[in-house]
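Each of the next two complexes has chain A plus one more chain, namely chain B in the first and chain C in the second.
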Partner chain A sequence: MEILTQIPQLVVNGLMSGAILAVPAIAFSLIFAVLQISNFSVASHVAIGAYAAFVANTVFGLPAAVAVIAAFAVSGAIGVVSDHIALRPLRGQGPLTVAITSLALNMVLENIVRFSFGNDVRGLDIPIYRDWIFGTVHIAPQQFFNFLIAAVVTAALFCLLAFTSIGRAMRAVADNPKLADIKGINPEQIARLAIFIGMGLAGVGGVLVALQSGIEPTIGFRVILSVFAAAVLGGLGNIPGAVAGALVIGVAEELSLLALPDAYRSAVGFVAIIVALLFFPRGILGKR
Partner chain B sequence: MLTYILTILTFGGIYALLALGLNLMWGMAGMANLGILGYYAIGGYASALVTIHFGLPVVVGMLIGTVVAGALGAATCVGIVKLRDDYLAIATLGFAQVLALIAQNEIWLTNGTDGIGQIPRLAGSLHGEAFNIVYLAVCVVILAVTFLGMEVLRRSPFGRVLRAIREDQMVAATAGKHVFSFQMKALAVGGAVMGLAGAVYAHYIGFISPEIFQPQLLIYVFLALILGGKGNNWGAVAGAFFVVFIVEGTRFVGGLIPGLSAVQIGAIRQLIIGVGFIVVVQNWPRGVFPEPLKKYRQPDDLLPENSGAKE
Partner chain C sequence: MKTTDTTISRRTLLKTAAGAGAAVMMAPAIARAEISGPIRIGGLMSLTGAGGTWGPIMAKVQQTVVDQVNAAGGIMGQKVEYFVEDDQTNPDAGVLAVRKLIDVDKVCAVTGVWSSAVAMPTLPICWQNKVAMLAIAASDTLATMPHHGYFIRTYVPVSLQGKAIGEFGLKRGAKNFYAMLAQNPFSQSMLKGLKDDVEPKGAKVGSVIYDGTKTSFRSEVDQALRTKPDFIMLGGYPQDSASIVKDLYRAGFEGIICGFGTAITQEFINAAGAKAAEGIYTVFPSVAETSAAYKNLQKITGVKGVLDTNRCQSYDQINLVLLAVAASGQATGEAIQKTIRSTIGGPDGEPVGDVMTGLKLLSEGKKINYEGASSNCEFLPNGNLPNAYFKTMQIKNGVLVVV
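Our next item is the complex of A and B:
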């Protein structure tokens, strides 16, 4: 009986943390959709975004909302530059070579962060609120604000993809780069834009993770398994799928606490990947 | 100083074993397995545990570690191997992370993050340089035997089928090859070699902990194989020794720049390796010793001048 009363709380927590996972998962999926490449350096961009927000927030004294924008801009810009230098010259060598090299790029970026900020755990300067209580369910306002930021960012991306000409061009390149090229869309430019938006979103995801826990150089690596799991569960390259996948992973991770020790919650992501690939090889929203 | 050089060479041997295992899985069979540290770790842990708890001789422990890692390799196949490239990479990355979680949290078995110390060493009665020399010799013998085995596999019909699967699974299947069982064998043998590497490591250092899953080691092994030449066993071994020399060489970089903290020096070392990886992949994509590929003559009717003449 006691377990049953915990479930609503766990589901709410799961949806909140799932929404946060959704942001970097969308990033991973968006870049995959446009470039057909698994870019594992998303993990280090999560860290870059978190530290960019940290600098904006504690050094320049900006509020957390502005820090989110700083995180987006900085990690998006670093994403474009690092991709241009490290990964773009490799596109001819096949997606797998690029994917493995992106692991090396991830190591480089993570260590630049480590060199600059050290291994100490930092935190953002945010006000503390009392929990909101609805019946048996507690919600921390910060948790809710994070959820809100994630929802706004996701909605903004959907609007961009659905209603603007840039979004249409991006979907065209994702669908068929050659045909898009013939229609006068420059795939190179669209790819760069996708990386900027994608890595920027990864950075925003970093801020959201940082608001929940501390900031340290491996912050991205800590969540990356869940992020990949969300993207795979939704079907790589499927952006609504990534959101759905993230919510499922978020809830599943929380519910796993009923049966497993907390330490194994990130294993849920792995199990989800395997189950998803065995039963829904094209993702839960499967198409394409 | 001599001990230091011996240590570097021994680590070169261990990395070379890892690179040989990866060469079988990825270089020959085309499966980009990012979970290789899982086999390395389980080989080390299994060998350490059986020698400590059951008092088995070190050599038997190493054999058990090898077999357990091989079994894990075969098990990887189930559910994972059918995945397409990117999905395979993500799934195997997750697989190794779950094993790392187990190593950290199943304290009754692995002693958690404290690790297992006091692992019996091979030729444990020896000390200092004598031990290092003997162990290096053992390591070289193991490496030589493994290398020969891998080279026999590469030249055998088995190796040829693996390369066919790497190039095009569909064609290999059409030619009557059971793709899944070949992939499983490649993962089992490759995993066993990596487990052996882990056992050699555990009985050399005498200590094993979840630190063994450090992500940079994954980069080192892939760098070794890409640098040496994917698909070429000589390249795997040469690349591994080269990577160890570079990794150790960067140890001295910290001394050149005054005023850096230990964390910063560590960061610079990994930075150099990461940048090196990118430079190598961009400039020598097939490695210093490219895979020796046989040139096959095209059938006459496919040659351009003939096909043109027929029309």
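Our next item is the complex of A and C:
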């Protein structure tokens, strides 16, 4: 009976943490959709975004909303530059080569962050508020705002892809880059834009994680397994799928606490990847 | 012309040889010592990962001491070579790093081992290669593992720390304790120390061991609060403890929160924010603030305020190794661990608090007793310190102050 009373709270906690995972998972899927590569340097861009927001918020004293925009712009720009230097020259070598190189790029970028800011744990200068209580369920205002930011970002991206010419061009390149080229769409420019938006979103994800915990150079590495699991579960390249995958992973991680010791929560990500590959190879929403 | 008979009888030769042998054996170690080649010491430091805050600071302290010794001519005419490897606060990386220090750099001692997770797999490698390990790693298990004396710990084992936190809670009237511990090799020892202390006195103890790599501990906090605790013990690292404390604040927890020294740091305050961190206690092994070694360390680091335990321990470790080499006249792991226990870590001899004074006294044939910046540096056969001194601090207005 006590377990039943815990479930609503665990589901709420899971949805809140899933929403945070959704933003970098969208980034991962967007880049995969347009370039057909798994770019694991998303993890370091999560960290870059968190530190960009930290500088904007605590050094320049800017409000949180501006810090989120700064995180998007800085990590997006660094994403484009690092891709141009490290990954673009290897795209012809196949997706596996690029995926492995992206792991190396991730280490390089993470260590640049480390050398620039040190290993100290830092935090954003954001006020902290008591929980809102609804019956047996309580929600922290910060969690709710994180959820809101994630929802707004997802909706904005959806609108961009669905209702603008840039979004249509992106979808065209994702479906068939050669045909898109014939139609006068420059796949290289679209790829660059997708990387900017994708890595920018990873940076926003970094801010959301930073609001929940602290900022340190491995902040992205700590979430990358769950992010990757969410993207695989949703079907790589499927953006609504990435959101659904992130929410499922978030809720599953929390509900697993009913049956598993807390220390094994990370296992949920691995199990989700295995289950997805065995039973939903095209993702829980299938591929468009 | 008188000639001298230079023939030596067999009896005379044997007498002379026996006498010379006895003289050598009875002479002070330093007089008969011979070290061929440079003295090689390794720092197995957590330069990155969870311990990355401390590793670079500790390596710098040790390098400064080595530089001082080398600038004064080294030890017995030999330079000291100091090699640092990053264990990434990760057991796999730690094993690779210690193998490099032992197999490639040929070190006789490994210092600075901060993480228990790293110390567990690297300790057997050290003692099997007769390399002394001087560690900070606080897991109780390390002292019970076979190590043939090659393990020396300058820190207090965590069970004693858990016990001290339990004592603190009981004194403050706590009856319902809850321990929130990051998954690592010392979480069970922390819990055992707390339980052993408070349960016989009628208090209850609940606990959760969580995955410290996650970014949210909301459900773990809910789990803790369901037991209605009046005292929460935090046994993780600054980043996860900060996240937990923020959620405790949001949930309106009004009991006592007390953490281990590894969790409650200035970094923790920065990450949690002054409001959520206000009033939180930490009970941790104190350093020897009145010792000569502590004052010397303040001088060489330029730190005027309170020195942290990691800095003090890294200073003591390098001093102990260098003085043990000088006192034994041998740059071997066996000589280092035995000499630290028998001679320079013992209560006899002239007290010294820095390596230069120690080397001077040893060269004059005197006995020394190194009294460190972190403790008196006397070690039991199992590698532990026999005594522990604790200090209580509380966060007030974003700063840790002594209670």
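Assorted remarks:
Throughout what follows, the second predicted complex is superposed on the first by the 287 of 288 C-alpha atoms of A that agree within 3 Å, B and C clash if a C-alpha of one lies under 4 Å from a C-alpha of the other, contacts with A are read in each partner's own complex, and residues count from 1 in each chain.
The rule we apply is simple: contacts are C-beta pairs under 8 Å (C-beta built on N, C-alpha and C of every residue); 3 or more make two chains touch, one makes a residue touch a chain.
Computed from a predicted model, the values in this text were never measured in an experiment.
Superimposing the complexes on chain A yields a three-chain arrangement in which chain B and chain C clash. In the superposition on chain A, A:264 makes contact with both chain B and chain C. Once the two complexes are overlaid on the shared chain, A:182 sits clear of chain B and of chain C alike.
In the superposed pair of complexes, A:278 makes contact with chain B only, with no contact to chain C.
In the superposition on chain A, A:228 makes contact with chain B only, while chain C stays out of contact range.
Once the two complexes are laid over each other on the shared chain, residue contacts for A:214 go to chain C alone; chain B is not touched. By the document's definition of touching, of the two partners only chain C reaches A:254; chain B does not. In the overlay built on the shared chain, the residue A:114 is in contact with chain B and with chain C. When both complexes are overlaid on chain A, the residue A:101 reaches chain B alone and has no touch with chain C. Judged by the touch definition given at the top, the superposed model places A:59 against neither chain B nor chain C. Of 24-32, 186-194 or 204-212, the segment of chain B running into chain C after the two structures are fitted on chain A is 204-212.
Shared contact residues of chain A, touching chain B in one structure and chain C in the other: 114, 119, 261, 263-264, 266. Within the complex formed with chain C, the chain A residues making contact are 6, 9-10, 13, 16-17, 20, 114, 119-123, 125-131, 138, 140, 142-143, 209, 212-219, 222-223, 254, 257, 261-266.
Chain B makes touch with chain A in their complex at residues 32, 34, 79-80, 83, 85-87, 89-91, 93-95, 97-98, 101, 104-105, 215-216, 218-219, 222-223, 261, 263-264, 266-268, 270-271, 273-275, 277-278, 281-282, 285. Residue ranges on chain A touching chain B, taken from their complex, read 32, 38, 40, 86, 89-90, 93, 95-97, 99-101, 103-105, 107-108, 111-112, 114-115, 118-119, 221, 225, 228-229, 232, 236, 261, 263-264, 266-267, 269-270, 273-274, 277-278. By the touch rule above, chain C contacts chain A in their complex via residues 48-49, 52-53, 56, 183, 208-211, 213-216, 218-220, 222-223, 238-240, 242-243, 246-247, 249-252, 267-268, 270-273, 275-276.
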